[in-house]
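Since the structure comes first, as C-alpha cells, the remarks are kept for the end.
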Amino acid sequence: MSGDMRLASRYLYGATIALLTIWVLVPLGLLLINTLSSPEAVNAFPKRFWPEFDLGSLRFFAGFDGMIDALFNSIWVAGLTMVLSILIGAPAGYALSRFDFPGKETFRLLVLLTRAFPLPLLALPMAIAFIRLGIDDTIFGLGLVHTMLALPFAVLITFSLFSGIPIELEEAAWTLGCTRFGAFCRVVLPLILPGITASAIFAFVISWNEVFAAAVLTIENRTLTAFLLQNLDTSPLHLKFAGGFILVVPALVFIFAVRKYLFAMWGIANR
Amino acid sequence: MAEIRLRNIAKRFGDYQALHSIDLTIADREFMVLLGASGCGKTTLLRIIAGLESPSEGEVWIGDKRVDDLPPRERGISMVFQNYAIFPHLTVFDNIGFGLKMHRLPQKTIRERVHRTAKMMHIEQLLDRYSGQISGGQRQRVAVARALAMEPDVILMDEPLSNLDALLRLEMRAELKGVLAQSDTTAIYVTHDQIEAMSLADRISVMHRGKIVQSDSPVHLYRYPADRFVAGFIGNPPMNILPATPIGDGRWQVANREFEGPRVDAKNIEFAIRPEDMHLADEGIEGRVQVVEPLGPHLLLTCDVAGCPFRATVDNDHAVNPGDIRYFAPQPDRIRWFDPLTDLALA
Amino acid sequence: MRPHLLPWLLILPVTVFLGVFFLAPFVMVAKQAFVVDGVFSLGHFAQVASHWKFPIALKNTLLLALAVVPVQLALALLMATLVTKMRKGRDLVLYIWTIPLGISDLAAGIIWLAIFEQSGFLNSMLVALGLGETPSVLLSYQSPGMVFLAIALAEIWRATAIMLVILVAGIGLIPKEYHEAASVFGASPWQRFLRVTLPLLRPSLQTALVLRVILAFEVFAVVVALGGSLFPVLMSETYAYQFELLDSGGAAAIALVILGISVAFTLVILRILRVPKGAQA
C-alpha cells in the first residue's frame, strides 16, 4: 500500500469513528437543549441550537400533578427488581458455575429460552391474576413481573461472573479452615461484589426502562414510563422532553458505572 | 500422629477412570513424593486426600480417623495448589495469615508466624503486595508459605517449585526439606521432576496411568525398578533394555554375550542395565557407536547393539568416535531382568 | 447437608419463580386466547384478524423489523471492528457508543420527537438552510414514509448498542493468533474479517440477532411516542385491545401471534447460524 493510501485510510477510519460518535451524541444533545430551555422556547419556532439554561421545563415537570409520585414509584419498583433478581438469580448462577448436577443443562436451556420470548406480554394474564391475589396496581406486583424480565440476565451474568473466579480459591480457603459458606463470604464475595453490583444496576435499568408491563399492571400507581406514556397525547412538549431527560439520566450513569463489566458479562453468557 | 492410609482408592470421572485401586500407607512424618508423567492422576489423588474430591471407591484414613466424610477443614491438612490459588483481594501477609485467622489464633502469633514463614521463603519484602503485583515464582512461594504457616499435621504440595528458576529451586528444595524434617508434619509432594523427587523424598511412589507401580526409597527405586515403566521413567538417560533368549540352565544370550540370569521357563525375557553401570573393556556387549556426547565428566555414548539403541556413560579420558566398535562390560550385580509379558522384574 | 443437594437448593428459587411468572402466565395467555365462553375456539383470533387494523399492524411490525435489524447488524459489526482496532480513546468511544443501551424505548421516542416534531430541530435546520419557509408537519398520516423513517431511525439509534456489546464481547473471545495466522498466510483485512472473524463470531451473532429480533417485534413505546395511532404495530394493538376495547381475549390472541412470530424467527436464526458440532471455538 502506498503512503498516500495508508494516510487516506487512516483519515477514513478516524472520520467514521467521529461520525458514529456524533450520530450517538447529537440526539442526546438536542434533548438536553430542550430540557434546559423554558417552555416557551421549547414550543417556539425556529429552534435555537443552544440551551438557555432555563429550568422552567424541569420545574414544570416537577410540579406536574402525579409526576413526582410516578418518579418515586419507578425508583421503588426498580429497586425491588434489583434486589429480588440478584437474591434469586445469583444462587442459581453460582450453582451453574460450580456444580455438575443432573438437569443442569435443562435448567440452563429453560433460562436461555425465556430470552426468546417477548416477556412483557406475560403481564397481560398477570393483571388478572394479581387482582385475585389483591396485589394489582401495586409496586410489589409490578416488581415481581420486572424481576421476571431481569432474572434471566441476572442468572446468566452471575454465572459468567462466578465462572471467572477459579474454584481453587474457594478450595484453598476450605483447606485453610473455612466452611463452604465461610469461603464464599471471605473469598468469593469480595471478588464478585463489583460484578454483582454491575448486574444489579443492569436489573435496575431493565425495570426503570420498561414501559409495556408497567402500563398494563399499574393504574393509580403509575411508574414514570407508564405515566409519560399515558399522558403522551395530552401533555405539552416541554413536559415530554423533561420527562425523557429524567428517564435518560440514570442510563448515562448506569452505562458509566458498569462499562467495565458490560463486555465481560456478555462474553461468556452467550455460550 | 498423622499416618495416612489409602485403601483401595478408585476415582472415575464419568467413563474415564483416573485412579485404579490405590493402596498406600504414608508413615507419620514421612516425606512422600508422588512422581509420574503428566495426566497420571497425581493431582487427583492429592485432592482426594485433601477432601476436595471424593473417591468413587475406597477409604482415606488420616491418623486413626476415617476422613472420607469430613470436609477439608476438619482433616488437619493444608495444601499448596498447582496453580497457587493466591487470594487476589488480600495482601501477601493476609494470604499467609488467612488460615491462622480462620483458626482464631491471637494476632501476635499470626504476625510472628507469617513473618517467620515469609522469611523462610524469601518473600518478607513482599508482604504488603497483592498477588497481581508479584511474579509467578513469588506467588508460588506465597502459596508454600501459606501452607507451612498452618503447621499442619499433613501438608500436601502439588508441584510447588515448578515455576522457579533452577537456582532458586535448589535453594527452596533444601529449605523445604530442612523445615519439614524439623517439624512433625507428614508431607506428600507431587512432582514430575525425578531429580527433585530423589533429593526430597523419604519414599517415592511412582504413578503410571492411575496406578501406583512402585513405592520405595529413592536409592532402592533406582537400583531395583519393579517394572519396565519405572526402569524407563527413573534415571536419565533411562535404563538400557535388550532382548535375551534362553540357552538353558539359567543362562541367557544377550546380543553377543551370555549372562547368568533367572531360572525361569520363558522363551524371551529382557536384560536391563543402566548406562553408568558399565565400563569399556576388551570384551563385553558389542556395540557400534553412533553418537558421542561429552557431558563434562562423562561421555554419553549412543550405540547400536544388535539393532537396539543402547546408551553408556564412560569416562571422558577415553577417545571414542562415531563408527567405532566398542565392548561394554556390565557390573554383574547391577543387571536387572524383566518379563516382557507382564513388564515386571524377575527376581 | 449433603453436598449434592446444594445445587438443587440453589436453583430452586429461580425454578419456582420461572414456574410462577413465566410458565403459568404463558398457559394463562393461551387459555385466554383459545377459550371463548368456556369452550375451545379460535374465535378471538378470527375476530382480531378480521379487524381492519390487524393486517396493517402486522405489516408495519414486520417491515420495521426488516428495515431496522439488518442496518443495526451492519452498523454494530462496523462499530465493533472499528473499536477493536482502536488503541487511544477506545474506552471513551465504547462508552459513548453503548450509552443508548441504557435508554428506554420511550425516552428514545421522545428524543427523536424533539427532532421530527413540527417545531423541532429538523424543521428549524431546514428553514435555517433556506430549504423551506414555514415548518411543515412531518409526522402526519399524509406522510407515512416520514413516520416510518423517524421510527426506524429512533430504533436504529437506540438498539444498535445491545448488538454492539455482544459482538465486541464475542470478538474479544477470539484469540488474536487466528488473525495473525491468517495475515501470515496472506489474507487481506477484508478477507480476515470475512473468513476468520465472522465464522468465529457465529455464537455471538446468534445471541445478538435473536435478542434483537425479539425486541424488534416488541417495539411499542417508540412507535407510540413518534407516531401515536398513525403507525399501528402488534404491540400497540395488544395494548389497545386490553385498555381501549377492554377485550383481554383479543389482547391475548395478538400476544400469541407476537409470541409465535418471535419463536419462529428465533428458530430460523438459530438454524441459519448454527455452529457445526465440534467446531466451537
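Chains here go by letter, A, B and C, matching the order in which they are written, and residues are numbered from 1 within each.
The rule is simple: contacts are C-beta pairs under 8 Å (C-beta built on N, C-alpha and C of every residue); 3 or more make two chains touch, one makes a residue touch a chain.
Not measured: the values here are computed from a predicted model.
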item	value
Overall pattern in which the protein chains touch one another (line/ring/star/complete/other)	line
Chain at the geometric heart of the assembly (C-alpha centres)	A
Subunit A and subunit B, separation of their C-alpha mean positions in angstrom	55
Whole-Å separation of chain centres (CA-atom averages), subunit B against subunit C	60
Whole-Å gap between the CA centroids of subunit A and subunit C	15
In subunit A, residues with contacts to at least two other chains	180
For subunit B, residues that touch 2 or more chains besides their own	none
Per-residue multi-chain contacts in subunit C, two or more chains	none
Partner subunit A, residues of subunit C touching it in the complex	4, 6-8, 10-11, 13-15, 17-18, 21-22, 24-26, 28-29, 32, 75, 78-79, 82-83, 85-86, 91, 93-107, 110-115, 117-121, 123-124, 127-128, 135, 157, 165-166, 168-170, 172-173, 203-204, 206-207, 210-211, 214, 217-218, 220-221, 224-225, 228, 235, 238-239, 242, 248, 251-252, 255, 258-259, 262-263, 266
Of all residues in subunit A, those that touch subunit B in their complex	166, 168-169, 171-180, 182, 187, 190-191
Residues of subunit A touching subunit C in the complex	13, 16-17, 20-21, 23-25, 27-28, 30-31, 34, 43-47, 49, 87-89, 91-92, 94-96, 98-99, 101, 104, 107, 110-111, 114-129, 144-145, 147-148, 151, 155, 180, 205, 208-212, 215-216, 225, 228-229, 232-233, 237, 240-241, 243-244, 247-248, 250-252, 254-256, 259, 262-267, 270-271
Complex contacts: residues of subunit B adjacent to subunit A	50-52, 71-73, 77-79, 81, 83, 85, 87-89, 98-99, 102-103, 146, 150
